[in-house]
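First chain written, first letter: the chains are A, B, C, D, E and F, and each begins at residue 1.
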Amino acid sequence: MKSKPNKQKLRFGLPKGSLQEATIEKMAKAGWNVSVSSRSYIPYVDDDELEIRMIRAQEISRYVEHGYLDCGITGHDWIVENGSKVHEVGEFLFSKATRKPTRWVLAVPEDSPIRSAKDLNGKRIATEVVNLTKKYLRKHGVKAEVEFSWGATEVKAHELVDAIVEVTETGSSLRANNLRIVDELLVSTPRLISNHDSWKNNWKRQKIETLALLLKGAMEAEAKVGLKMNIEEKNLQSLLTSLPALRRPTISNLSQQGWVAVETIIDEHVVRELIPQLKAAGAEGIIEYPLNKVVY
Amino acid sequence: MKSKPNKQKLRFGLPKGSLQEATIEKMAKAGWNVSVSSRSYIPYVDDDELEIRMIRAQEISRYVEHGYLDCGITGHDWIVENGSKVHEVGEFLFSKATRKPTRWVLAVPEDSPIRSAKDLNGKRIATEVVNLTKKYLRKHGVKAEVEFSWGATEVKAHELVDAIVEVTETGSSLRANNLRIVDELLVSTPRLISNHDSWKNNWKRQKIETLALLLKGAMEAEAKVGLKMNIEEKNLQSLLTSLPALRRPTISNLSQQGWVAVETIIDEHVVRELIPQLKAAGAEGIIEYPLNKVVY
Amino acid sequence: MKSKPNKQKLRFGLPKGSLQEATIEKMAKAGWNVSVSSRSYIPYVDDDELEIRMIRAQEISRYVEHGYLDCGITGHDWIVENGSKVHEVGEFLFSKATRKPTRWVLAVPEDSPIRSAKDLNGKRIATEVVNLTKKYLRKHGVKAEVEFSWGATEVKAHELVDAIVEVTETGSSLRANNLRIVDELLVSTPRLISNHDSWKNNWKRQKIETLALLLKGAMEAEAKVGLKMNIEEKNLQSLLTSLPALRRPTISNLSQQGWVAVETIIDEHVVRELIPQLKAAGAEGIIEYPLNKVVY
Amino acid sequence: MKSKPNKQKLRFGLPKGSLQEATIEKMAKAGWNVSVSSRSYIPYVDDDELEIRMIRAQEISRYVEHGYLDCGITGHDWIVENGSKVHEVGEFLFSKATRKPTRWVLAVPEDSPIRSAKDLNGKRIATEVVNLTKKYLRKHGVKAEVEFSWGATEVKAHELVDAIVEVTETGSSLRANNLRIVDELLVSTPRLISNHDSWKNNWKRQKIETLALLLKGAMEAEAKVGLKMNIEEKNLQSLLTSLPALRRPTISNLSQQGWVAVETIIDEHVVRELIPQLKAAGAEGIIEYPLNKVVY
Amino acid sequence: MKSKPNKQKLRFGLPKGSLQEATIEKMAKAGWNVSVSSRSYIPYVDDDELEIRMIRAQEISRYVEHGYLDCGITGHDWIVENGSKVHEVGEFLFSKATRKPTRWVLAVPEDSPIRSAKDLNGKRIATEVVNLTKKYLRKHGVKAEVEFSWGATEVKAHELVDAIVEVTETGSSLRANNLRIVDELLVSTPRLISNHDSWKNNWKRQKIETLALLLKGAMEAEAKVGLKMNIEEKNLQSLLTSLPALRRPTISNLSQQGWVAVETIIDEHVVRELIPQLKAAGAEGIIEYPLNKVVY
Amino acid sequence: MKSKPNKQKLRFGLPKGSLQEATIEKMAKAGWNVSVSSRSYIPYVDDDELEIRMIRAQEISRYVEHGYLDCGITGHDWIVENGSKVHEVGEFLFSKATRKPTRWVLAVPEDSPIRSAKDLNGKRIATEVVNLTKKYLRKHGVKAEVEFSWGATEVKAHELVDAIVEVTETGSSLRANNLRIVDELLVSTPRLISNHDSWKNNWKRQKIETLALLLKGAMEAEAKVGLKMNIEEKNLQSLLTSLPALRRPTISNLSQQGWVAVETIIDEHVVRELIPQLKAAGAEGIIEYPLNKVVY
């Protein structure tokens, strides 16, 4: 890193707004502390080679394409909606609570006669993703009016328009509004994207790849835990055979004769099923511990 | 799990209100992500076999007894107050800050002449646990008027009634109100309870036991930490002998000749006394790390 | 600990106000749970040998000097400003976000003609640290009027006074106010200080040293992480040679022939540079995990 | 007021909780400034002859009956629920937004087969007003189980019980929970009540009557406004005849020949219908102004 | 709906979001109490002939044009931006604090070379009002790229685009962002608009006019106050002559010989200049009182 | 106002912090709308001749004395504490709730042996007003140590010092801390103060006097109300004689023969005693209305 020119900087766009806090937390887990001040629009980051900009998720791909940003994190949905020409470096899963990706769906009131895209002919649709929706209509050979919705789209489906195209994860907000999902237009996850020229620059590309590696490692770690247990050596083989979830465990010898320590990294959501099975297989002193990063 | 019928569900009641956030956090540590929406009274949980209901701690035992809920988490106090006939599956300690259980106590103003249950004859007592209080009076052969208090019970002791029966942990709120504790009526901890019929159902019982095992594991982990250190092999025996707190440590050989790594799980609150002793006994590179679950 | 008199207590002052929450969190990590009630000015702590007092950081050194407190945590700046005669037991670094110490700086508007201490002759300076500022002026042989500022000092620099002496970490608040740093008067970090007499008392000194050891261990742990990886034995030596950051790793034999597990404790902020290098050197299954305490 | 004994005091209970702020505001409009401190359970009031106590609305009638309070403001519903023997001094209408009284209603899910009280036989009902509900069942000769609800009663109607008795004003919260009102048990408004003995004491009675007069005046004023307009004398009579709402207006002569000023106090909610009519009848310069008190 | 009686309703759109609270307050002053529940998207209003809908100000004109709403309150800016064909019933001034209308302005960084519309050729402009901006560019014969801004537009002017078209009242937010106003595109005030068909319906038109009359009256009252004073009759004429602000005062005779009471309605913002003059002219006992409505 | 130079400005300091909101509200009532932005330290005011600065109450007199401010509003206490040489233009009473001025008192724990100033010899006193306290000690010929308190002074009296000098209005906070008032050092009310030179400048003086007149008028109006009633002419004289509180009422003739309207401005806090007497004296249709300003 010694011969790098003094002023080399990577301009990195993070999503402002509802995802802001979660993103900054991820960055911290990856190893970069970002602090946003209410007095300045340029956040502080403890890396002289980075310049952070907080920008609406909807607009990041536009500014990466134009080169104002070297790279950024935004949703696949907005890259498609904007039709931005950018290099996609990696995909991340942010939402731990449900582990489900974001979906843009066509929804109508429970009692609407609309049952499929075909029924939309001549109707009026409100949405924040006008381009995505028009593309969907074209694909189905349907003619309908699409209007940009400034917000509270779910409420509109009951009176103001015939259908909406709205974002959802678990569908619970749609259900609470007595809306029925007719079709799914797009499944979206967060992406790290790069400007095409920045990607061709060696220093920038390497910096972006390091960011991607560590962000990936931090996000992997959110969905994984460390699991450690002691077991008699004679029971070990049957434990490993019957439990393929224990992928490539580290087995270390204990000073106590005939016992080994088994340690592995595992998806957190299988632990609740695994632990009763481990106990049944003779494991003792099972502990689960949290991880900051997992890099294979 | 393959032959289980499609629709098998366990209805599980969690305490709404002041304990809600802590309980949901515990559930997450145990491995179940629950999310409560302001728009729906049925929380989301990432387990198709569970149906969560948020219900006041005071009422959970009533609905478990009646079978509306298969099981639930509530305090021992409210099970007793309601006189509910339920199966108690397990006991948990929630409050980390003080590690003291909840106590229902008889309290009076500092300068009250009341010194024991006997002095309550003909007096008026305000409390949220009317049945518990009446039982206590009967036990002591005392006749007094017990009135249900809708809240702010501590303030009443000074003017509106002669004594109160109120809940406390450290007693600091009572002291701040210049009240004196006369007697203790009940010590209470959170319990996992089950409806008697649900407990007889094999599938439900197994599901409840899994929940109990993992909740227990998560709560154990809150009061425990992992401790790891290196020590010369020659000092090991005297370390282990003099420090019985280091129960069943895992000893692993290091590649460095004559040194071993000692690792153990230990009550977090003894660490502050133990570490100086470990250093004195020759331990080096002592680290303490957090745990998610501990299952023996 | 058996022969210690019944009532032996250590009175310990913690900073009230903006640092309060962070300090209580540190205490918890060190092993002491402190809870501050809005109804009582004496916080609860789960150690019978401690009495906590929450006092402004500005005043703690004064009360430690007078003996009202046996010891306390406060900033080096206020010890100097108050000219307090106390024993300094240890130094801590609190602020994780930036890992930069607090600095008291002389600042003026961007377009001010003031370029150095010399230019302050006959000027008016507002500050919360009047003594520190006067000392600085004396050192430079400058005569200027120093007035105590009750707050919002940064705003005053533009109209009400000629310069200010103000506290900053990253300087971003000063920049946002269009102020320029002229000079640095003092760099300050949190300190554990003791009254001189308390330090001579054996029991108190030992108690203070235990507090210092565990607070230090907790703070060390904030800036450090555990790193664990598997590597083929044949690659181990070159890994260790090329990466001096891996100070004194624990090498344990794995049951898998020819592979070892390498584990070490490392500064969290070098991890983002280290992990790509570890991968390049042949490490696999790299995980990073959080620590509660690190005691060498 | 001169011969009144030095220490004569009236102890006055105001409802704590959701009505607290509104009540204190009403007291201020009536002429008594009450300030509640978080540090003291006895509020300050700028009248040496009053002692205020903030008590749950549910409990005020109990303490007025027992004589701990001389008088208090509480709802008619809780007086009936408690079966308290108190003197009712006056009735007030608090809620300006809707000008509808509080109603306790029997409600069931939209699709419940329960259509009238008769259908409740053998059912289970949750409510905060257990006595009121039992009385209602007795009146209809129905046997059903009534259980005390600690809160969130509306949610229970869908699963935990068959029906609820719950409080409502506009019914919108019931509708939002998909509940249907089956019957109305009680209509309730706030009352000023007095202990029977206090009412017999001349000084206390006079003090209570003054409070009642001014509270009444303040509440009247909330629902009324002053209306003032100029009109030609020749149009006056037809204006007054056609608009009986202009009850007893004050007519004053203007210096401008042939014109008079008409001023009246009027219900605020008729103004929106009246003003267009006044304009049509020739009124000019119509102004509406707010009132603090109206005492006939 | 033609024979009105029972079911005649007017659907009225109010702006949701930042103007919502102010609008509901205005409605209350006009005589209609609207209450928005978090559980229902249809607000309650105490008038059976009205149906309120809360809709983004940006979208109201669109839904009025289409006939989903009979009428609504929105800004002139969004009517123009949407190109909506609606009937404008009246104009209101909402913002009391500054009494300045909303302005959409072209702004650039302080040090930008852009000095007029002409300089925008080939530049990139971010704005929420894309149509308004394009129209402006056409008018000046300028070709520039206009991109929709999802928010935080002011921040973009420094790096992401060359200029912005943004809304402002006092310009202080622009100044705080170091932006310079180059030109003004549109001055906007709130309007009451009606659907063209609804306006032709007699019942609806009359209802809308009543709403307009009373909203106007309520808003007039916000900017006006009542002023009342006593003066000797001999000084009256010179008072009235020298102070034309006292438009058409009501003069009433007092019982005190030679004195009259002068009362008038006056713009609140001239009072601070008028009162010293009134005193100088011999007025006594000057009082200013607040108004709810002023209808000429 | 015609010959006033273009740029004539009055710089006016208002107290920042706890009094800020109340002061801005008073300014608005007086006729000047001030709005404080979080982005700019110079508030907006709708008067080109004014420049507002928000400054701590403790510091305003200092900057008025030095001429940085032409005038300002601050407490008498801080003028004395700072020993500032300024012209006092007027005194205001801000606090409506209690109508009691601010008092600086010497306070000690309930059970302290300190009973008067004399008992302070050799003691330690904590206070925010060090100069005021030293002056008080000198006056009583007492030698004691006075230390500046950075806050939470009341808590210190129990352990850290022997006595405090603290500010109070009703004394309820002191009582809640179990402190006893020993003596009163100073009674303080808000003052409008002017720099001596500014006061000699005709234009500035006139501007300050107008501000004083209208602020005074606005504050008078807070403690006063308008009272209006009808009464038969024959009862008028006895009404006026027996009720001197009805100072200089306006009597106007009604068109109804034999009746007059009586209108007066009166202290709000006497209304609660007056209205019952007015009714007894034959008054009818009594209304009380709020005032914005009262200028005699």
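Here, a residue touches a chain if its C-beta (ideal position, glycine included) is under 8 Å from a C-beta of that chain, and two chains touch if they have at least 3 such contacts.
Everything numeric here is computed off the predicted structure, so don't read it as measured data.
Visitor: State which chains count as neighbours of subunit B and simultaneously of subunit F.
Guide: C, D
Visitor: Hop across touching chains from subunit A and tell me the fewest hops that reach subunit D.
Guide: 2
Visitor: For subunit E, which other chain has the most distant CA centre?
Guide: Result for max centroid distance from subunit E is chain B.
Visitor: If you average the CA coordinates per chain, which chain's centre is most distant from that of subunit D?
Guide: C
Visitor: If you average the Cα atoms of subunit B and of subunit D to get two centres, how far apart are those centres in Å?
Guide: Here the centre of subunit D sits 43 Å away from the centre of subunit B.
Visitor: When the C-alpha atoms of subunit A and subunit F are each averaged to a single point, how far apart are the two points in Å?
Guide: About 57 Å separates the centre of subunit A from that of subunit F.
Visitor: Distance from the CA centroid of subunit A to that of subunit B, rounded to the nearest Å?
Guide: Spacing between the chain centres: roughly 35 Å.
Visitor: Quick check: what residues of subunit B touch more than one other chain, meaning two or more?
Guide: Expected reply: 252-253, 289-290.
Visitor: Mind listing each pair of touching chains for me?
Guide: Here the touching pairs of chains are A-B, A-C, A-E, B-C, B-D, C-F, D-E, D-F, E-F.
Visitor: In the complex formed with subunit A, which residues of subunit B make contact?
Guide: 30-33, 35, 37, 39-40, 44, 46, 210, 213-214, 217, 221, 226, 248, 250-253, 260, 265, 289-296
Visitor: In their shared complex, at which residues does subunit C touch subunit F?
Guide: Listed in rising order, the residues of subunit C that touch subunit F are 16-17, 41, 53, 55-56, 58-59, 62-63, 68, 147, 149-152, 155, 158-160.
Visitor: Quick check on the complex: what are the subunit F residues that touch subunit D?
Guide: Within the complex, subunit F contacts subunit D at residues 96-99, 170, 172-173, 175-177, 225, 230, 252-256, 261, 268-269, 271-273, 275-276, 279, 284-290.
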